[in-house]
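Letters A, B and C mark the chains as written, and numbering starts fresh at 1 in each.
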Amino acid sequence: MNERLAVRTRGRGLCEVTADVQAVVRGAGVTDGLCTVFIQHTSASLTIQENADPSARHDLEHWLDRLVPADDPHFTHTLEGPDDMPSHIKSALTSTTLSIPIVKGRLGLGTWQGIYVWEHRDRGAERHLLVHVSGK
Amino acid sequence: MNERLAVRTRGRGLCEVTADVQAVVRGAGVTDGLCTVFIQHTSASLTIQENADPSARHDLEHWLDRLVPADDPHFTHTLEGPDDMPSHIKSALTSTTLSIPIVKGRLGLGTWQGIYVWEHRDRGAERHLLVHVSGK
Amino acid sequence: MNERLAVRTRGRGLCEVTADVQAVVRGAGVTDGLCTVFIQHTSASLTIQENADPSARHDLEHWLDRLVPADDPHFTHTLEGPDDMPSHIKSALTSTTLSIPIVKGRLGLGTWQGIYVWEHRDRGAERHLLVHVSGK
């Protein structure tokens, strides 16, 4: 079973989608199985991160932005703006796809884990995810 | 089929779990299928790395530790200790989930590949994995 | 269903395999399901990246090569050549496995997404992938 989700991001940073993915799992009526989330973009990605303290997500975003700064003079792929090439690199360093076991009808996340879309462009955008659920 | 594994790590670095995951696959009695490993933490992660020469894993651990040092003055998420925020970043840069095809009843790993839990906290901890097996 | 693909790379950089993976999906006759690609190496990896402008892939490769230079004096794992240890690190920072939902008989990739083998050794090699397809 595949379902497409649209997520509206509001600029660079992490946007939680745990409840949206859990709703797809619930709708599929699967008790034991596997849920795969796939993002259909190369300038935004997915990550599973701590969902408790927002300072962790803030530091994560800022650290990655220092690692891959927008003003790198080596970049040649600059037609789509200075934040485009860093977005592709940040996507390659994080995840385009995540697979999470379903246990007793729920995503088998740890206590402090949340699923996030990680927007790498300066402006937000409508981002599309495919959520695949298999099992019984 | 889902099974939960507990792994005791002994401080920062890679801890091999290939045999544990292979045992779950064997127990499931699946000949052709897919095995997904998921770690329920955001300060430890998963990786598939060379299982031959320990120096490769040593260099890998040290390289990542130099990339994400614990004393970064930009960090604001410091309540859980100086090794906590680097652990979240290292987890985001590596893998929370791995999917490995099962071929003839065995994990389809290459000759030199092993599955590792990558502990990012200074002290070891009991870490939990979910292993999902599907197929026939 | 599992199929093994051999890919010949021509030195460091990205080598597109989208059509090869799509051909396995077509051959499996699956309309809705999941396709998992796994690379059986620790010195080459997988990524989903922009398939439009080659300059994006060029910048990506050069950026990662600057992040993980071959002449790092800290490396102790050097017996297999100066490009071996950087290859393991680059593999750990990118992906060994990718899972892509299958929608209406085709890989559910976004408009600008392609699947690539990322060769990290200076010389190309024959690289092996396992492609697993499930669904109906």
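Keep this in mind: a contact is a pair of C-beta atoms (placed from the backbone, for glycine too) under 8 Å apart; a residue touches a chain by one contact, two chains touch by 3 or more.
Treat the numbers as computed from the prediction; the structure is a model and nothing was measured.
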Touch-based graph of the chains, sorted into line, ring, star, complete or other: complete
Type of chain B:chain C copy interface by residue overlap (half), same or different: different
Where chain B and chain C are represented by their mean Cα positions, the distance between them in whole Å: 20
Residues of chain A whose C-beta touches two or more other chains: 67, 93, 95, 99, 134
Chain B-touching residues of chain A, taken from the complex the two chains share: 32-34, 47-50, 53, 55-56, 58-60, 62-64, 66-67, 93-95, 98-103, 108-113, 134-135
Chain A contact footprint on chain B (complex, rising order): 1-2, 36, 38-42, 67-68, 72, 74-77, 79, 85, 88-89, 91-93, 95-97, 99, 128, 130-132, 134
